[in-house]
Every structure is written in structure tokens, then in C-alpha cells.
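Each of the two complexes below includes subunit A, the first together with subunit B, the second together with subunit C.
Moving on, here comes the complex of A and B:
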């Protein structure tokens, strides 16, 4: 009888451990996603600010500035996408 | 005295670049599907196709937002870039959450395909744009339009 209760206790502990692991994983994934979005946010803000300043100062080069700005934004967003992928892999895979 | 310019008229280079990348992305779809199928069978191929579609739509949405904002004002460009970034990240998350429990969703190929497609298309386009910026006269143009990146 005591063996059965011990097994039940172990199962309950294992279940709690799994739940705790899942909870920790979910919160870590959320933090990872949030933290991964901060850097690109700062980067895009700085990049666009400088690009807008360049376009206002030299409108004749606005085409090239816009091209470079768009590519820069897309490269910066790749960091956020990596964070997103880490998030879905930690949380759902 | 230089005239103050607070918005841009005419076709947007960002939109041209995005269309270029979508065209190249469509060429890359069979390769992606093949790699997805090798990694995780039919489910992998479908997941990779979904991821590639998300990346291409993301590029088009980003370019359209910037182009539309640039026609209004530069201040709106800054707002559209940052706001659009947050909104598009949210849209990608929603697009994933909608299908996360689907039987065909293979999450690892899906995630890898998002990153790889995004970076490969960007590097591919960057090589093209760098070349046309360095040698703007060499790119053959269609109907008299200069190449993307060499405009203005």
C-alpha cells in the first residue's frame, strides 16, 4: 500500500515538475520574444530617424536613402524574427 | 536657399525592392518546398510554403506602408516604420497561432524557413542593389525606368 502511495506521490511530483517546467518555459519564451524585439526596435528607430534626416537634407538622394533604409529595416527585423522563432520553438515545439 | 522637402512624390524604391524580392522568392519556393519535404515530408513542405508566404507578404506590407507614408510626410515614415514593425510582428504571431495546431504544421521547418527565407532574399537583393548603386548606368532598364536603388 505504501508503495502505491509512494508511486502516486512521485507521479504527482513529476506532474508538478512538468507543469513547473512548462510554466518556466512559457515565461522564458515570452521574455525571449520581448527582449528580442527591443534591440530591433531601437535599431529601426535610429535608422529611420537618420534616413529621414538625410532625405530632408538632400531630397535628390531620397531614392537611394529609401532603398538603403528599407534594406536596413528588413535586416534589423531579421533579429526580431529570430527571437520570434526561438519563442515558438521554446513555447510550442 | 534649399527648398524644404517633407514628403516624397513618385514611385517608391522600397516598393520596387519588395516586388523584386517577391519575384525572387517565388523562384525560390520550389527549393524551399524540396528542402521542407526532405526535412519533414509533406507537412514540412506545407509549413515551409506557409513560412515563405508569410515572409513575402511581410516584405510587401513593409514596403507598402513606407511608400504610403512617404507620400504623406517624413514624420509619418518614422511612425510607419516603427508602428509597422510592431504590427507586422503581431500579424506574424497571429498567423502562426492560427495554424499552430494544424495537422500539417511542422514547427521547426516553419521557424527555420522564416529566418532563412528572410535573410537569403535580403542578401540576394542587397547584392543586386549594391551593384546598381555602384554602377547605375550598367543595369538594363525596362521601358526607360531606372533600376531599383539607382532611382533619382
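Moving on, here comes the complex of A and C:
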């Protein structure tokens, strides 16, 4: 954190408000994506693990499990992707 | 130590100059060209397949029948059921439009997924919203449909104060929003990933000792290109599947 605040202070000392904003945005962008990736990472791992277990126990229902798995992944992944969009907005917009 | 890597600003990655019609409504750039091709290529494939119309399919007819069968078996039967077959034309064209819009991400000289601009996914999601609300209203009547969508049965009366706003938000706002963001962010992330490793490969093409990292960077680029082919297909599949799930939910609201 100290590196971040030092960078912000340096930018403020340069008395350039835009640069300070860009620095703060760029440094928080990484945090935004990193935090957003934790939950979906755990979620998708658990989901696929359970799906593999279901397919191994009952190979004849593999097709149905697979479709449901993709649906679940799509819902879980949305959170990480919104985090990615926030990253892009903070970094570039 | 500086690597002398100049990562291009985001505007250079997703904004393209107009080919013609600058400043008018007919402005035409790479995204519009790819969107047009994504519409034209499946049309041509299916036109060719139909014009032969043999009993034992060969060549392009085989491809077309395989695609139709895939959407029938993996999307409609899984998500709606046998009575969803009448939505096959819409789901099939949606699947093919998104897939061909995505696959241009890995085709040299294009190298850009049309769905990495928000306009395409947002409009497709709007179509999905109108479709599933329309299907629900048409098959159940407006009163029944909105009642079943906003007031799930079997809850204590007081809880509806909490549940109804949440159901409204999740059904009519978050559904299309997440549908659009999922496709957009997946394709933009893939595009940026490929650009990152492409830029890295070019930056490492020097006579410094850093050149030993180049094979790894290049291997990542090749591997990620294959991964993006899979993602292009998967996102088109997931978009069609979710559309089918939403239509199915509007068709049989009590399940």
C-alpha cells in the first residue's frame, strides 16, 4: 500500500490532478480485478469438480451434466467478467 | 531494467478507422465488415447446402445439417424441450452470427472479434429480452406471465416486499445486462490477451539475452490462439443456451 500512496503523493506533488487520477485508477484497477477473480475462481473450481464427479459416477448422464455445467459456469463467470470490465474502465477510461 | 515494451492504448486495440462514409450514418469500419461477414457466411453456407438438397448429405450440406442438429440436440432439447423446436431458426442464426463474429479474432488480417465492441452484444441481448418477454406474454397472457415472474408462488405474504423487487431486477435488468457483458468481456479479454503476447513477441525479437524468453512467449501466443478458438465457440454456445433457457422459463413459468 505504501508504494501506491507514494506514487499518488508524487503525482500530486507534480500538481497534476489528471495524472494523480490516472495513477490512482491504474493502481486500483489491479486490485479490482484481483478481488473479483477470487470468488468466481473458487466457484468454478468447485462446480467443475462436482460435475466431473457426477460424470464419473454416472457416465450415461454425462451430456446433461455437461450442459448444466456450462450454464453454471456462465453464471459464475459473469462476476469475474464484470470485474474485468471495471478493470478496463479504471485503467483506460 | 526496461523491456521497451510499448503496450498500445486501448483505443488502438478496439477502434478502427472508417473505410468510407466518415461522419455519416453509412460509416463502415472493420467491425461493420466483420458483422456483415458474420451475417453473410452462414447465409451462403446454408444456401449452398439447400440448393443441393441430397438425401445422403455430402460436403457443405453435411456441415449445415451438423450445425442444425447441434443446436437442436444440445441447446433446444436440453433447455426448452421438444415444444421449443419452433425457436430453432432464431437460436440457430443467433448462434452462427455470434460464432462467426467471434472467430474472426484468430483469422489473420482481421484479428478482431466483432463482439468485442459493446454494440453487438448489447443489441443481441436486447433482442433476447424482447423475445422472452414476448414469448411469456403470448403463451401465458400478460397477467399470468408477470405474476409468475414477479410473485413466485408459495411464499409468505410479507416476503413479497423483498422478493418482488429482486425478481424484477434479476429478470428484466440483470439477465440482458449479464448476457451482453459476458459475451463482450470474454471476447475483449481474449483479444487483449492475444495482443499482449503478440506485442511481447515483437518486443523480445532483439539481440539482447532476453531473446531466450521468446520461444516461451511464442508458445503462449500459439496456445492462446487455440484457446480463443474454443472460447469463440463456447461463448456462442452459452449465449444460445441461455437464450433458450430464458425462453423456456417464459414458456413454462411453473417449472
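Definition applied: the second predicted complex is superposed on the first by the 75 of 93 C-alpha atoms of A that agree within 3 Å, B and C clash if a C-alpha of one lies under 4 Å from a C-alpha of the other, contacts with A are read in each partner's own complex, and residues count from 1 in each chain.
Throughout what follows, a residue touches a chain if its C-beta (ideal position, glycine included) is under 8 Å from a C-beta of that chain, and two chains touch if they have at least 3 such contacts.
All values derive from a computational prediction rather than experimental measurement.
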item	value
Clash or fit (per the criteria above) of subunit B with subunit C on subunit A	clash
Contacts of A:84 with subunit B and subunit C, given as first, second, both or neither	both
Touched partner set for A:19, first subunit B, second subunit C, both or neither	neither
First, second, both or neither for A:40, with subunit B first and subunit C second	first
Which superposed partner A:62 touches (first subunit B, second subunit C, both, neither)	first
Between subunit B and subunit C, more extensive residue contact with subunit A	B
Stretch in clash, subunit C with subunit B, out of 43-51, 133-141, 187-195 or 205-213	187-195
Subunit A positions touched by subunit B in one structure and by subunit C in the second	63-64, 67, 70-71, 73-75, 77-78, 81-82, 84-85, 88, 92
In the complex with subunit A, residue positions of subunit C that touch it	9-10, 74, 78-79, 178, 181-182, 184-186, 188-189, 234, 237-238, 241-242, 245
Touch list for subunit A against partner subunit C, complex	63-64, 67, 70-71, 73-75, 77-78, 81-82, 84-85, 88, 91-92
Subunit B residues touching subunit A - in the complex, by the definition given at the top	3-6, 8, 12-14, 17-18, 59, 62-63, 66, 70, 74-75, 77-78, 81-82, 85-86, 88-89, 92-93, 96, 100, 107-108, 110-112, 114-115, 118-119, 122, 125-126, 129, 133, 148-152
Footprint of subunit B on subunit A - complex, ascending	37, 40-41, 44-45, 47-49, 51-52, 55-56, 59-64, 66-67, 69-71, 73-75, 77-78, 80-82, 84-85, 88-89, 92-93
